[in-house]
Every structure is written in structure tokens, then in C-alpha cells.
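As C-alpha cells, here come the structures.
Across the two complexes that follow, subunit A remains constant while its partner is subunit B and subsequently subunit C.
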Partner chain A sequence: MNALPDSAAPLLEAKDISLSFGGVSALTGVDCDIREGEIRAIIGPNGAGKSSMLNVINGFYHPQKGEVWFRGEKRGKLKPFQIARQGIARTFQNIALFKGMSTLDNIMTGRITRMRAGLLWQALWHGPALREELEHREAAERIIDFLEIQSIRKTPVGRLPYGLQKRVELGRALAAESKLLLLDEPMAGMNLEEKEDMCRFILDAGAQFGATIALIEHDMGVVMDLADRVMVLDYGRKIADGAPDEIRNDQLVIDAYLGAAVQE
Partner chain B sequence: MSPGVLNTIEVVLNGLMSGVLYSLVALGFVLIFKASGIFNYAQGVMALFAALTLVGFQTGQVPFAHLLNAVFGTDYHHWSSGMHHAAAIALTLLVMVGFAFLVEKLVLRHLVNQAPIILFMATIGLAFFMEGVGDLMWGPDLKALDIGLPSGGSLWWEEVTRAWAAPGAEYYGMYIDVLDVWATVIALALVAALTVFSQYTRTGRALRAVADDHQAALSVGISLRAIWVIVWSIAGMVALVAGIMWGAKSGVQFSLSLIALKALPVLILGGFTSIPGAIIGGLIIGVGEKLFEYTVGPMIGGATENWFAYVLALFFLMFRPQGLFGDKIIERV
Partner chain C sequence: MTTQHQPDTFPKLLLRNAAQFADRPAVREKAFGIWQEWTWAQVREEVFAFAAGLAQLGFAEGDKLAVIGGNRPRMYWGMTAAQVLRGIPVPVYQESAAAEIQYVLEHAEAKFVLAENQEQVDKALEIAANLPGIARIIYDDGRGLRDYAKDKLCDFAEVRRRGREALAREPQLLDAHIAAARGGDAGIILYTSGTTGKPKGVVLSNDNIIITSRNSAAHDNLTAGEEVLSYLPMAWVGDNIFSYGQAYATGFCINCPENESTVAMDLREIGPTYYFAPPRVFENLLTGVMIRMEDAGRIKRAMFSHFMKVAREYGAAIMRGAPAPLFARLRYRLGALLVYAPLKNTMGFSRIRVAYTAGEAIGPEIFNFYRALGINIKQLYGQTEGAVFITMQPDGEVHADTVGPPAPGVDVRVDDDGEVQYRSPGVFLHYHKDEAATRGAKTGDGWVRTGDAGYFDRRGHLKIIDRVRDVGKLNDGTLFAPKYLENKLKFFPHIREAVTFGDGRDHVAAFINIDPDAVGNWAERNGVAYASYQELAAHAETYRMVGESIEQVNRDLAADEKLHASQITRFLILHKELDADDGEITRTRKVRRSTIFDKYGELVDALYSGAENRRVSTEVTFEDGRRGVIEADLQIRTLRPHAPRAQAA
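And then the complex of A and B:
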């Protein structure tokens, strides 16, 4: 684990975020900063607002209060696809792959933000469009090699087992070579071996693709191994934030979450 | 071969050729349905509108002439003696793309997240609206459409097939309209091009992505609105091709928009979400209705082509509601 200086510039800062759905407040005055190059974990009991936080960051939800700063600039009210183009990629708690498409096509879709050729060239399947297609195909193959999924490149992902689908989804997010990667429970429902693989991919992804990663995870062992900093949500409020060791020994966190997690 | 067999072959061939056009129109439906969950009732009227516009450009008609003349007391009908087919087709394509933009801007964008039935109703409204605009723009009279494609029975084919009959048999060769052959070739080329486009280009992949999962598509940077414009443009292009072919055969008139509705039974057969389904469904309906008319038609007074497709579709609905290739409908309880 690389210890980052406290002064590392925040890549993203969400300030004083409040989000509610009708009467339910999902987030209340939450600050969340993510520093360049780190692995940032968000933990907390079910319904604490973890996914909501990621949804605010990538623009699926618009908070009633608060601001998001990305790469030093305050972000206006953007659509999710615009935010993706700015350099934020993500995976979903309930896998959201393009089920009818092959692994390779799913990963190629991840590169859409990086492709430029005009519609006409694409229609003619010629010139810049063809060049671009080949170039990005190579990049996609690199990701396939990295994730060791060569054998399923042509398989429609709907037919893959759960663990592999999770891996392909990570691949699609990686393919965008985004500044910031949001992973919503990347290891949920996996067996031990799959979890270990996934941990390795996430650590290496940070190193190889230079991504900053924010992830939600319930497995405390995994969180302690992976994360540089951990933030804890409970009932939509942030109750702790700091290095994994501090979090592990925080009485509030033990009461609200870790105690329960140990009992499970 | 006996004349009976040869006649049957002729019927099947003609059925396949009209089926390819059904497939093409059904493809327009499937594309829009997959990308936005909308069953576009206006697809048929789009074909009519495209054909009207094409004829208007070809003959140099002034759009909205009646309206303008009534308002300004002028008497303009034609601004030129017309333009070349290719130019008119290109212009009509532009109009259909412009139409796609307008539909997105004025209709779809305001109906995001509405129930499918609401979207469907909106397209019914759109159909009536376009029909009216088409009338107003180009006049309600029946128009001939000719883009210079050859038509009429192929003498060569008649000659060739006559030789197939047993010597001495009373057989005069098969009748195949050259225009149908052209229509088939063009429709096939378009279907092939669309398939390649959707498989191997960025936009094609984006189209499929949106069809699969809106949220995920947004998360990789795809703009749904841009995709809707593209899909409706493609549907416009498909409508134009179908409009040209049907218009060339029987003139550009209102009934043209009803032929396009034959795509509905095609879709029930093929499944609303399946492109191969649309293609095969179109061929089955095309061949089925011709064969039925040929074999059973004479016994029950003919004109079965008007309803056969719908009855076949009804039959399918009872036994395989998701269609031949459609996604299985699983009701969650």
C-alpha cells in the first residue's frame, strides 16, 4: 500500500451533500474527498447511502444540497453521460452489462468516450473510423489480457457466471481509462478465490492504468487490505473518515457497523 | 418439372421478394423499439411522408403551396421543373433526418420515463399529424413515383423458366417483376449494411448498448438523445426505401401507410426485439400470404392477402407470444 501525503490534491470533492427521496434522506451533509491516485473505500450498513454517494458523483442523482468539485473545478448540473466523458467510469452493485453483447464488445463500449470518428466515416467503414476501430481494439485486447479473460472474449456476457460478469464490468470501466473509477461492491457475492483475484486486479489497475479508485465493500478484510482511506456512512451521515487502522478502532464505527459485521 | 411445381416456385419467389420489404420495415420498428421501448405506430406514415416528399422534390413542387396561395393570394405550384432522382433522394434523406431531430426535441425528450402505452399513444398522434402535414405540404392527390428503376416482367426469366417445364406442357414461364428484384437487392443491401454498421462501429455498438441497458449506456458516456435521433433517422431512411418501392408499384397514396403496418404481424412472428426475427418474420409473412392466396384463396373467394398475415400472427400469439426469436417474457411474481 502506498502511503500518500495528506497534501495530495483531491481529484474529486463532494461538499456538504444532502440527498433525499420524498421523505427518505439518503445522504445528509456528507463531505467526501477523493485524492489523486488513492484507493478510497466507502463502508457502512445496508441502506446507509453508499450507492447514493456514487450515484451523486457520477450524476445519476442530483443532490438537493451541496457541490461537487472535479479536478479543481466546480461541476455544474451535468448529465451522467457528460460526466462519463469528463473522466468518471463506474460499475454497478447489480451488474449492468450489455447482456446481448460479447465481452469484447462490452469492453469496446467502454472506450466510446475516447472515440472521435464522425458518423459518416463510420457509415463508410473507412478512413479515420477504421483506423480508430483498430487502435481501440488493441487497447481492449490489453484490458482483456490484464483481466485474464481471453477465453471468453467472444461470449455474450449474459451467459457468463456471476464472478466473470463482475470482472467484465470492471474491464468495461477500465477501458475508458478514466481519471476516476467508482466500483460499487465489486466483490459482492464472490467466493474467496474470486475475491482474491478481484483484489489483485483492483490494486494493479491503480498501478497500471493510473486510476484513482473509490469503492464500496462490505468485506472488512478486503477493505483493510485495499484502501488507503476509509469513510464510514450510517443512516446517510458520515460517522468516521480516516486510515483503515483508525477506522477499525473507532468506537462509533464499531457500534454502528463493525460490531454487527462481526456478529454476522 | 410440372407446371404446378413451377407455379408454386413462382409464388414463393414473389412472396420472398415482397417479404424482404416487410423485413426492412419491421427492422425500422425493431430498431426504435430496442433503443427506446417505443412501438412506433408512425412508421407506416413515415414511409408515406418520405415518398410524398421525394415526389415533391422530383417534380419541383412548392411545399405548402395550397396554404401559401390561400394566405398570400398567390398562385405558385412549382418552383422548377424538377430535379434529378439522386438529388431528390438525398434531399429527402435530409428531411427525414430533420424529422428525427424534431421528434426527439418535441416529443421524445418530454416523455422520458413514461409508460410504454403513453409513448405508443404519442406515436399514434405523430402518425395523424404527419399524415396531415404530408397532405398540406404536397397535396392529397395520388402521385406516380418513378426513380428510373426498370420495371415490368422479365422476359429473360420467362424464357429461362419455360425451358424448365416438361416438353409439351402448357407453361408460359414465370412472371417476375424486375422492380421487385431491384427492391429485393436494395433492401438486402440496406439490411446487410445496417447489420455491419451495428456490429463494427462505435455508433453501432452504442445503439446496441442503449438497447440493452440505459443506465449502463449512460455510464459509459452514451447520450440517449443522440442515439434516439440516429435511430429515428435510420427508421426514416428505411421508410424512404420502403416508400420508394411501394410507391413505384402502386403510386404514392394513403394506403401505402397501411402496407407498412404489415410489419406488425411480422414483429409478432419474429419478436419485437430481434433483428434476425424481423428479417425471417418478414420472409415468412411474405411467402405465407402469397402461398395461401395461391392455394386456399380461390376456394374462399380470394383477397386473403389483406388479412392472412394478421391471422397468422394471432395464431403465433397463442402459442409463442414472445415470437420466434424474441426474449422470453418472464413474469415476476
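And then the complex of A and C:
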């Protein structure tokens, strides 16, 4: 998977992005491309603008400057659900699941953008709505099987431990069968074993569901093992971009991030 | 019980079942949240297609098929398919590390491997790199295997497809093989979990399994209508009898759980009528019920405790059909309506007709709890070498402290050293490639040594106290039966494991492992903060609770004529859980005494030195195979023994 040709078509391209909130500039002139089928990591110290970048990519923030191209088309201002329909799904740094609903129902919500039956049919729970529900349920069950969460299928997610909630959230993102999957710190707060599981799921998700993945992660070991390419942000600027090995030896990165972490 | 005209091999049984029970369910598996079902006719088609496919790949008579994986229909079919070709299945404990599996595969000279999924394929590939004798690795679930080199690897479905093609060309392909097989032929090799040294391959004939299955099924009137949950390790003889031998012999349906973590839920959905579980499972279930009852509302709690009292008093007698006062019967009825039935339903025991437990002693309170609820749980005693059954309790003769009279067709005797010996239709052929061990296990006059010490009580029921070689003597010459003591300790919910020392010593001392669930729950309830097992184990209150339990055991022992000197006077709580990954217990959770003695020698010395504490560092193996070291400062407590009392408890 590491042998992607450089010429692989970018699935998404963000060009010269600048974003500020009032006087605070979160991103300054950042270029970012995500190629079809790769695992792309964004790293950087706290407050470097990683989550902002992700929010720009999925259209939640609209940058003051710069443009986003997705699947060869320039993107205008879209509502979040329109972007979801376009084929971008994401998970959140702070888990954003429906706590009172079961794992299965949460994953089913990921299918909503793909449901076509009209409101009337849905209400009657008959004909096309029922057929469609069965299809979606099967897709959800495949994801449950894939993530090995059969034992919590009917458990309300609010009762699950953190690591499992993260997994359910990944499941919901996968359920949308998106072209691009954005994961905001998928392994934050997990223990080693949970991290290893999550790594395997992310790698397999790429292979099995054909998803392109962009992720933010703090655990350097994880990022270097997992990602095909890594982009490093510091104070809203891109300071490096390349294969994990290049990043590991980049002096700017060591100073900004890795070095600082050691000193702490 | 004539055996002359009965099918004497599994393929022949399969043909009979496919004819007799064609449309009845044979196997169910929960996949994608729905129970999928195969009838006996479909199972015949699957098995024969896979067998023909195996033959196409070069699997021949006498070849061994190693089966590594969980209870999946295809794993069971693979075993029968090997038997169709007169080959020998060798199921392997799937949790074992690659090195342990390699020993078994090398010793058994396995030529083919049937692996459940990527996890097992990875191990099989690692092993195959060292064992050129492995020709093929066939996998059931192909997830994650897309990018693997395919030279030795092939998909179950692909083998089956080739088999179907071969059978279409030549429908009689397998008939000669099936007809040629005999009951006396070796049918399966089951490796013992290796409590002592390397695992031994127990070779059982088709007769061993089939006749024993038939006899035991008749003993409990098992029919084709039973429902069984197949969740026990396939490499264990118990699963080979309960989910395979008896299923084929009677035609009942086995149900494969979705995965290991859903067993409890699947149990509830299936509601088996016939069930086996080691005592630990019943124990954990009861602990779970008790913990949840403590969280219940006041009315429910009062109802539970009232009706459980009624059940304890009359439940067992009512189930036995013994006389009970009318009023008591009415109260029991009401209890059944309000408490017992809902409780049994939550546990998945609503439909149980017969349940067995074996392997370790079960606490009398636990045992009686289930019987009081009207669950017909009974005990049996057995071992791999005898195709399980040596003794089993018939209905109406069930006691918590014995394992019952000899099973049908089995003779049992106790020799002069107190060792239990038996002969039966289930007696194994031999240990695979180990004649010396075979001679050691069988006596000259045709009996098998169990290695267990025991005696028959006045009712003619066998009572097992310990392994013969573990029974020792204290310095004052009195009997020391470590397992007997450890079992007494383990009956307390907050003690998970115990190891006692005393042979050749002046007094008895013990290592304790607490039960992190039970003690953790107590800690949560009482606002005790802890970050790890180690911290919880070292807590002063934990020590106090364990100390009280030991006091109680000592009081019981003080009343025992033979064992009053075995009171435990010193103990410590270990800083880590005894773990099969560290070789301290076997996969079936039996304590490996010598390993523990070697590993924790300095702690044993400390127990007998009078020290108050001892600093240790211990190497541990994590679940992913990495190693680490944990250090701890262990406290040692001293207890005062009770004066011997003459009367029986």
C-alpha cells in the first residue's frame, strides 16, 4: 500500500488555504492534497490547526482564502449534509454519537444519506422502505462484523467504554460508504491494545471498503506505521509534507514537534 | 443398546442422519446478526464436497488435518471430511501461541491445516515455514488475507467448489473410503493441555467416541430434539463428545455462537436443552446475578431473597419428585412465576433438561443454587483418555460433593494407593508416538490409571480429592491434599485462584489470586480507588476479606478428622493473575504447580521464613506476546490455627 505512484490522482486538493477567526489566524496558506486510496496523516503540536484543516476539508469551515477541489470539481459553499452526500464522512475528536441509541442504530444513521425511499413509505414501513431497510441493515451488519462489535450490537452506546465508542463512531463513518473518511484523533485516550486494534481496523478499512483516509493523530508511533504520507502543521503553517521516513528526519519537524515533546 | 447394526464411523452416521433427519436442523451459526441453519442433508452435501476437494488436493488415508479455530460449522465439517477420507482430524487449542501449536502439528505430522481466520492463518504460516510437511493451509474466513501469497493458502469455498466438480464427474468418489472405514480405526487425535510437560496426543477410535456418546445419550434420554450451544474449545474432548459425538449419534442440533464475546447472549437466544459448562462458568454467572441483585430495587431484592430461601429449602426435592408439603409447593410455584423463571430466562437456562459440570470441584452453594431453581445440573467425572465419561450422576442421585457412580458401560476401581482406575468402551487406543506413556497409563490387566486420588462413599458415589502425585504429607505425618484446600478457598467469590504448599513442611501456606470482578465491584461500591490488579490485590481491606475467608476454611478443617492439621497459617495475595500465557496455569485453568514453585520460589521461602513482606519482580507475557516485568512489595499475613474439633461439620 506504500507503493502508490506519485501520479495517483488527488481525490481532494486544498489550495493555499487561509482561515482565521477574528484576529486569530488558524491556517495560513496551507496546501494539502489527498490521493485516492492512501492513508494521509496530519500531525502537529496542540493548536497547530489540525482540526481546523479537517473542518475545512469537510466543508464545516469556509476559509477566507483558497479553494477546495474534490474529485476534480471546485467546491462552493455547501451545507454539511450536502458534503456528506458528496462522499465525505468523519469522526470527531470528542465522540459525537447518539448516546441513548444502540450501536446498531448509530451505525444505521450513517446510512441515512443513502436512503432513497420517500417519507410516506418510511412512515408506512412497507414496500420500498422495508426492502431498503433490509439492505441497509445488511450493510450495517457487515460493518459490525468487520469491527468485531457483535456483542454490543444492541447496547446503548452511552454505556460503552470509550475505546468501543470510538470504534462505533468509525463504524458509523464507514456505513456512509464514503470516498473520503476523515478521522479526528481516532486513538486518543486509548490503551495500547485498543490502539493496535484500531490500527488494524483503519488499515483493513482502506483495503476492504476502498476508503481513502485522512487522519489526525498524536501518537507518533501510530502515525509513522499507519500513514502513507504525513503533513506537519505548526502555528497554522505547513512545515513539512512527505513519507513518514522523510518526516522523521526533517529538522523543522523535530524542532517544532518531536523535539519539543522530548523536552517536556 | 445393540451396537451391531449401528453406524460405526462418523461418515456413516452422517449418511444415516441425512436420510433419517434430512430436513431437521443439524447446525446453526449466527452470522450478520441472524441465525443461519443447515439441515442434516445440507451438512452431508457440505462435508462430502469438502472431502472430495481435500482429496483433489492430495489428502489421503492416514493424513492428519489440523483444525485451528473457534466453533464454526466449517471447522466441524472439516473434521468429518477428514474422517470421510480415513484421515485423522487433530483439533488444536486456538488460543495457543504459534510455538505451542507448532509442537502439536510437528508431533502429529499434520499435512493439512484448516484455519478459521487471519489470526490463525498467520500462526499456521509461521509454523509452515518451519515444518515443510505442511502442504496446505485452508481458511474459512478470508478477511485480511487478500494480499497474502497464495502458494500454500486456499479458501474453504474454493476447495469445496473443486470437490463439487469432482463429485459431479464421479459421484461414487467417496463411497469406497466410507465403506472401508471401521469403528476400531483411529478417529481423532486430541492433545491434552499438558498440565505436566509437553502435551500428549490421545488417539481415540471411532468406537471410543461413538459408543460412549451413545451410552451417555441413553443415560440422559437425549434425542434428536436437543439444542446445544457449541462454545467449548474444539480441541477439548468434551466438545468432541457434546457437540460432535452425541450430535452425530442422536441427530440433535448444535448452535455456533457469533463470537466468543457473544456467548452469553447467544445462549439466551438459543435456550439450549442440554448444556455443559465448567464450574467456573456457573460460578461467574452466579456472581453476575448476585452483583446485579445488589443493584436492584428494594422490592425486587426482598422478593429475590425470600423466594431463593424457599427454593433452597424445597427446590431440589421438588425437582427430584420427593415429597414436599403442599404449602411449600404452592410457594415454590409462585416463586417460579415471579423469580425463578425470569432469572432462568436471563441466564438462558429456560429450556435446560440436563446440564453437566466437570473438570474441577464445584462449590456446594453454587451447585445447590442452580438445582434449587429447578435446573437439572449434575456432575460427571472424566478424562480425555476415556472419551470423557468415567462416572456421572443419574437423575435423582445428585450430590454436590461427589461425581456420581460409574457411567454406563464403565468399571471403576480404587487401587491400594488410592488411585482411581477404570475400563470402558471409551478407553483410548494409545498416545500418539509415545508407547512408554501408553504403557504408563494402562495397567497390565487392562485398566487405565487416572492419576486422581479418590474413594467411593457409602452411596457408591466416587469422591475425588486430588491428584495422586500431589497428595503429600505434612511433617507431622498427616495427609496434605492441596487441591482439596484450594477448591475450598476458591468457593469464595472474591478468590479466583489459590495455590497451597505443605508437603514436607510443618504447616500449610497459600498464594491467593483475587477475583478482580468481585473485588472490583466491592471497591467501586465502597469508593476504593485503584488503578490495577496489583493495587487492588495489595489493599488492606482485600487482605482482610481474604483473611476472613481463610479463617472460615480453617474452622471447617478443624472439624475434619484427617485434615485438621492442614489449616492455612500463612498467606499472601499475588501481585499478578496466574496466566496461561506465562505457563502458570493450563489453558483449562489448572494450576501448574511445579512452574509456580520454580517461578515464585523466593515467595514460598518467604511464606515459611516468618517475614512480614517480600519484594519481587516477575516477568510477564502480554496477550500480544511481548514481555515485561512487574515489581511489587508483597505483604504476608499470619493466622492462628483453630484447635481440632471432633464432630463432623
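The working rule: the second predicted complex is superposed on the first by the 260 of 264 C-alpha atoms of A that agree within 3 Å, B and C clash if a C-alpha of one lies under 4 Å from a C-alpha of the other, contacts with A are read in each partner's own complex, and residues count from 1 in each chain.
Please note the rule applied: a residue touches a chain if its C-beta (ideal position, glycine included) is under 8 Å from a C-beta of that chain, and two chains touch if they have at least 3 such contacts.
Nothing here was measured: the structure is a model prediction, and the numbers come from that model.
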{"item": "Fit or clash - subunit C, subunit B, common subunit A", "value": "fit"}
{"item": "Touched partner set for A:162, first subunit B, second subunit C, both or neither", "value": "neither"}
{"item": "Which of subunit B and subunit C A:144 touches, first, second, both or neither", "value": "second"}
{"item": "Dominant toucher of subunit A (residue count), subunit B or subunit C", "value": "B"}
{"item": "First, second, both or neither for A:80, with subunit B first and subunit C second", "value": "first"}
{"item": "Contacts of A:98 with subunit B and subunit C, given as first, second, both or neither", "value": "first"}
{"item": "Angular separation of subunit B and subunit C about subunit A, which is computed from CA centres of the superposed model and rounded to the nearest 10 °", "value": "90"}
{"item": "Partner chain in contact with A:115 - subunit B first, subunit C second, else both or neither", "value": "first"}
{"item": "Which superposed partner A:60 touches (first subunit B, second subunit C, both, neither)", "value": "first"}
{"item": "Subunit B versus subunit C as contact partner of A:123, first or second or both or neither", "value": "first"}
{"item": "Superposed arrangement (fit on chain A Cα atoms) - minimum subunit B/subunit C Cα distance in Å", "value": "17"}
{"item": "Common interface residues of subunit A - those touching subunit B in one complex and subunit C in the other", "value": "none"}
{"item": "Complex contacts: residues of subunit A adjacent to subunit C", "value": "137-138, 141-142, 144-146, 148, 150-151, 153, 193, 196, 204, 207-208"}
{"item": "Interface residues, subunit A side, partner subunit B - complex", "value": "58, 60, 79-82, 84-85, 89-90, 92, 96-101, 105, 108-110, 112-113, 115, 117, 119, 122-123, 125, 129, 132-133, 172, 176"}
{"item": "Subunit C residues touching subunit A - in the complex, by the definition given at the top", "value": "31-33, 143-144, 146-147, 258-259, 261-262, 265, 623-624"}
{"item": "Residues of subunit B defined as touching subunit A within the complex", "value": "196-197, 200-206, 208-209, 211-213, 215-224, 230"}
